[in-house]
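In this document, chain identifiers A, B and C correspond to the written order of the chains, with residue numbering beginning at 1 in each.
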Amino acid sequence: MLKLLLGNRVAAVAGLVVVAFVMLAILAPILAPYDPNEQHPEAIRAAPFWQADGESRFLLGSDSLGRDLLSRIMYGARISILLGVVVVLLTLLVGTGLGMLAGYFRGAFDAVMSRIVDTLLAFPFLIFALAIMAATGPNLVALVLALAFKGWVDFYRVARADVLAAREADYVTAARGVGASTAHILFSEILPNIVPPLIVLAALRMAIIIIAEASLSFLGIGVPPSIPAWGTMVADGRADIAGAWWIATFPGLAILALVLAVNLFGEGLRDALDPRMRQ
Amino acid sequence: MWGRFLRQRLLQLIPVLIGVSFIVFLTMHLTPGDPIEHMLGQAGRITQEQIDELRAHYGLDRPLIVQYGLFVGNAVRGEFGPSYSHHGRTVRSVVAARLPATLELTVFAFVIAIVFAIPAGVIASLRPHGLFDRLATVGALLGISMPGFWLGIVLMIIFGLQRHWLPISGRIDLALVPDYVTGIHTLDALLTANGPAFWSALKHLALPGVAMAAPMAAMVMRMVRSSMIGVLAQDYVQFARAKGLPETTVVGKHALRNALIPTVNLVALQTGLLLSGNMIIETVFQFPGLGKLAVDAIAAADYPLVQAVVLIYAVSYVLLNLVADALHAALDPRVQIA
Amino acid sequence: MAAPLLEVRDLNTCFSTYRGQLRAVDGVGLTIERGETLALVGESGCGKSVTALSIMRLIRRPGRIVRGEVLFAGEDLLRKSGGEMRRIRGGRIAMVFQDPLSTLNPTFSVENQIVESLRIHRVARGKEARERSVQLLEAMGIPAARERLRSYPHELSGGMRQRVMLAIAVSCEPELLIADEPTTALDVTLQAQILDLLGQIKEERGLATLLITHDLGIVSQFSDRAAVMYAGQVVEEAPVAELMEDPLHPYTAGLLRCVPRLGRPDVPIRPIEGSVPDMIALPPGCRFAPRCPEVMEHCREAVPPLYDRGGRRMVRCYIYRQRSFRQSGANPTGRPGAC
């Protein structure tokens, strides 16, 4: 009992951390001590406040342009979370839709889809996203498409497999027997049953997308430089790691904290929604 | 039997490779930014004729589908034409020069990940929720939640800058480069019995290797752990004990082999991710491999080079899956290979 | 009379669960003479499999053997070292399990799994081990035994797998065979074949057998004596014929009434009312008391001891308090186990 409770408690704490990050992102204009792009030429690479030479004005220190790291990290949460949500929703809708169709109708559509999926799976995602982004330059629409390009495949596979199983299930046969339409069977009978694994997958995909976006931004081809983003901030700090370790370290810690919380929350969800997947 | 299996699987790869090559080709050509202008960017004033001449030289004036046909025909022979950004060199020679470095780093990271993950997963599974298991589980969660580039930088700060234990960039101490045999420094150093070169190359591999291996080790560890827990509860494990086998044989032979079956495919998938990790880690550590080459080629709009590198990654990924399927069939007699 | 081959005394095995200690085996005592077959009967969850695993010292966390003695040829197995115990397992005591498909390792060939036993117990190796394997499979009635060596378990039928498992079990000439529900996973015709084979093995090799089953039909055909377990305790022990004809314990009688009797349509089938007790929060008195049709006030207060009725008959029931020769067996006072 204690162990179950503890497991849930971990997921609950993780959920709270995720909510805290979301609040931080939404309330950044109110909570952040400075404008994220405001430069303080007199305080370049200021150390965090607990360091001997730290400045209490900049709690986590400042970067090479004298911008407040804490404010930038708060604002950085916005783009990470926004892109994560948009990309996951997009891939969830596309992948689930195609997966349900392929699983339910099978035949030629399924065959073509499985070829496409095989091809996409063989694709080195990051390099491809890099190529698209390099061609278009950093812009958010291209970034969303690059991140979504391969991401829908996971939803597709889960949805397809679950629908394949469900269409043989007794409750579907029964619905068909009483003359329900295909649309009714797909959306009212099958969909509710495959939602839990898709929600779990969405949470776990969110973690992956946040890291992928940060990676692209780190390489300078993700979020446009005018928007504060964690990956870009780590890249900015890379040149200063010898003298000002905090510039690259703290934004990365923010990524780690958010992704860890999302992962833990997702796994808690999985345990709660789908007892079969419990280890 | 195996010959047929491999032949069949190789045939299945053809449509995938055609798909990949087509997408690669298309994206490179439909994107804005003219490579010729890019090439001539710094060359001062150029006449339109000269531009047209260069276009014709690189075949950029032909219809798209013809260009694709040429591209595939050449790609099969390993020819990607001249590189736009490495003047006077073919893509093939540029890639060939970088391939050994990436191969070395990737194999090194792979070995670290496997050598660490499988024993850790097995030990964790022997006492679920024990101390080791808890530590390993937390470590694995951190491993999959950490961006590779950041882990690389943190490792650099700690082991390269604060303690000067390990080098933070490059492949090897340039004064120690071993005689060329394969281009893989550690291997060349071993073959020529060059101790200092081997040690230097190994030290240069350590940080990027660990940064690259971390997420893969984490995923594989979790997989081995959970499938071992499942397998250890099976009757055949208890029967193996009832036969009087020592616990090492029970776990190492009877349980592990069964637990590795689902792990093999995950390892292939993760190795694919390892390959994409190349680019980031090589960029962070200024490691002169294919990944860094790709990032630089993209920045320089060097289409042929980007195409070649993407194709190399795609083909390796596809072959990896083939190896995984073969390994799966070898481990599990229930899989029909015919 | 020589010492019995196996004598289990006051065996207690507990499992730690998140709700508390589960006393799966509570003061069990058993005796098996050389060449004899003892059936251990009871519903699923009564502790009969845990008893068998305890004898083999195969109880794994969160379970542990808390107290007792397992005297095998006069030596206490619970005091043996790990290495000594491994030599006994599969060597002098063999065990077969319920489901042969899940008991044979799917990833190793039949040959590998038989030879492995022969090698570890230094019975045979190399070419000799291979020949021994063929002989064993033939002795188990497997046709084309030599070809079968290369087969994997999934390529064999259910009955064939059970024969392979038996071949492995008897490969090192054990003195005692523990068979845990050996026929439950098979259909009726196969059951009969495998039981015949078991009988034949027993006959030829003079093997003593501990047969664990919930099937009273098998018990009467196949064993010499039977011990009935209920909620972790032995409640009755008797020679099989007498147990069947004249069950003493109300639970045994109830069990027998659950089985349709061939040629006796006049005897109605009657299920036992109620359900098995919660093994973690056991009732203070007799464990069967809540379901017992003959329950007395005293039954709910203290666990009854095993009463020796003479003629190798024992029963754990207060009905026989006055009419018994003496209290006997393990845990004679019915004192609670040591968890």
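To be clear about the criterion, a contact is a pair of C-beta atoms (placed from the backbone, for glycine too) under 8 Å apart; a residue touches a chain by one contact, two chains touch by 3 or more.
All values derive from a computational prediction rather than experimental measurement.
Participant: Specify the chain pair with the maximum number of C-beta contact pairs.
Facilitator: The chain pair with the largest number of C-beta contacts is A-B.
Participant: With chain centres set to the mean of the C-alpha atoms, which chain is at the far end from subunit A?
Facilitator: C
Participant: Take the average of all CA coordinates in subunit A, do the same for subunit B, and state the distance between these two points in whole angstrom.
Facilitator: Taking the mean C-alpha position of each chain, the two centres sit 23 Å apart.
Participant: Using CA atom averages as chain centres, what separation in Å is found between subunit A and subunit C?
Facilitator: Between these chains, centre-to-centre, one finds 55 Å.
Participant: Please list all residues of subunit A that touch 2 or more other chains.
Facilitator: 3
Participant: Which residues of subunit A touch subunit B in their complex?
Facilitator: Going by the criterion above, the answer is residues 3, 115-116, 118-119, 122-128, 130-132, 134-136, 207, 211, 214-215, 218-219, 221, 231, 234-235, 237-238, 241-242, 245, 248-249, 252, 255-256, 259-260, 263-264, 279.
Participant: For a test of understanding, state which residues of subunit B touch subunit A in their complex under the given definition.
Facilitator: 15-17, 19-20, 23-24, 27-28, 31-33, 129, 141-142, 144-150, 153-154, 156-157, 161, 225-226, 229, 272, 275-277, 279-280, 283-284, 294-295, 298-299, 301, 306, 309-310, 313-314, 317-318, 321
Participant: For the complex, give me every residue of subunit B touching subunit C.
Facilitator: 127, 234-236, 238-246, 249, 254, 257-258, 261, 331-334
Participant: In the complex of these two chains, what residues of subunit C are touching subunit B?
Facilitator: 53, 56, 58, 61, 86-91, 94-95, 97-99, 102-109, 116-117, 120-121, 152, 154, 165, 168
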